[in-house]
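Here chain A shows up in two complexes: once beside chain B, once beside chain C.
Our next item is the complex of A and B:
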């Protein structure tokens, strides 16, 4: 098992998760969350699940991000407002 | 020293850490969008945990091809379950975001503390389902 690639993906996954919930700008948080979903898609390919990788990249990083961006655009962008 | 043994249970450790990060966002952050991002992180951590259970060391993707025996493949049943779970996660997120839009129309904010503070008496809420 290629554990170095796995370890790097895991570290990036944890970093993007922490950054996504700490950012005060909601649009930036949503974009970082989309990067988190793409990292998760790469991790699915490492776990020998190519169907999950395709679905996560299309649905998790695509549709979810679009929905979040629509809601942030129609409401408020700053978290503390 | 064999370093690959050290990272044998890395998937489980990372999935628990991601679940804790998501739980922190859902419970502590007052903003509803932040809560939803935390909920999504929690969902993906559970997916990672369940797929990691079916992982086989140096296994192959569960696709029938020439020269790959089924005993060398990873377990496809957790993957099939999680494929459904990803789609359900997106639909629950869509419903929650539409409720966020309704709350912002009514209260003018997405801060859950302010929304709770503006509701002083529950009996004064009337019948919200008759407004639409």
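Our next item is the complex of A and C:
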């Protein structure tokens, strides 16, 4: 049971990582990266590192996502210019 | 020619690193130095040496205290860089996209934020104060405080939240993490023991226990409040748009 959950989490982690670097739309990439952070936080709890899981969930999925979105909001699409 | 040089340099570095790896004890082996020295020391003497029930807190605040001090100063200098480039928000003139938008925020979103914010804040304070005996700690709690205020800001707009938490209230609290950490560290020196020692000699057993708890709580609260306010200030100065900039957009 435990290893299937871990395997699913890792597969999803890998998928979100690949999607995040291949997406052309920056906002979508930021959202997928946030999902990556959430998966990573769950994996940290599986690895018995709850401190890191708390940090990853608050900083990785929360604060940096907002910072990235603010920065994306301030940029202009190359096609629109 | 250039590429060949790069290739040779990379090959030399790679071979050196691989040679070093070959000399290392195999992964998970019982003979590796961290298993023979570090882990027994931390697990066996962590509580009486570092002064925290949670070994991770002991490592973070005592064994690797200088590392934590460096991290605290790193986020402080990140704030300094952001303020130097982007400047703080201006009272009554700075707003964010939500304030300028003519579409009102959905009632569902505002209600959910209103109901969840106090709970999130309570959890953050719990995380900070229980960093010593259980997982969590100042930095995590501070990040949760920061995230909750940032959530409030992106839903209700910068004008509202800068009125609630004005720069005048934030500026003194931004350095609280470094000041708290350093002052608690120097208490150890004043008692004739090492920097960042929490179990002070020369006190009674009960008094030393109280002082240890107080010092750890001051450090955790300082790191938490300082870190949270630093996150908030960084986001405020990144999200702000001054009113005269916005008027150009409106025809």
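As a convention for this text, the second predicted complex is superposed on the first by the 75 of 81 C-alpha atoms of A that agree within 3 Å, B and C clash if a C-alpha of one lies under 4 Å from a C-alpha of the other, contacts with A are read in each partner's own complex, and residues count from 1 in each chain.
Just so it is clear, contacts are C-beta pairs under 8 Å (C-beta built on N, C-alpha and C of every residue); 3 or more make two chains touch, one makes a residue touch a chain.
Just so you know, these numbers come straight off a predicted model, no measurement behind them.
After superposition on chain A, the partners chain B and chain C are seen to fit next to each other with no clash. When the two complexes are overlaid, the chain among chain B and chain C that reaches more residues of chain A is B. In the superposed model, A:73 lies in contact with chain C only, and not with chain B. Of the two partner chains placed by superposition, only chain B is touched by A:30; chain C is not.
Applying the stated contact rule after C-alpha superposition, one finds that A:6 touches chain B and leaves chain C untouched.
Of the two partner chains placed by superposition, chain B and chain C are both touched by A:63.
In the superposition on chain A, A:43 makes contact with chain B only, not with chain C. Note on the superposed arrangement: chain B and chain C approach each other to a least C-alpha distance of 5 Å. Touching of chain A by both chain B and chain C, each in its own complex, is seen for residues 50-51, 55, 59, 63, 67, 70-71. Residues of chain B touching chain A in their complex: 3-4, 7, 10-11, 14, 17-18, 21-22, 24-25, 29, 31, 33-34, 36-38, 40-41, 44, 47-48, 51-52, 55-63, 73-74, 79, 82-83, 86-87, 89-90, 93-94, 97, 100-101, 104, 109-111.
By the touch rule above, chain C contacts chain A in their complex via residues 56, 97, 127, 135-137, 139-140, 143-144, 146-147, 150, 154, 231, 234-235, 238-239.
Residues 1, 3, 6-7, 10, 13-14, 17-18, 20-21, 26, 29-30, 33, 36-37, 40, 43-44, 47-52, 55-56, 59-60, 63-64, 67-68, 70-72, 74-76, 79-81 of chain A touch chain B in their complex. If you check the complex, the residues on chain A that touch chain C are 50-51, 54-55, 58-59, 62-63, 66-67, 70-71, 73.
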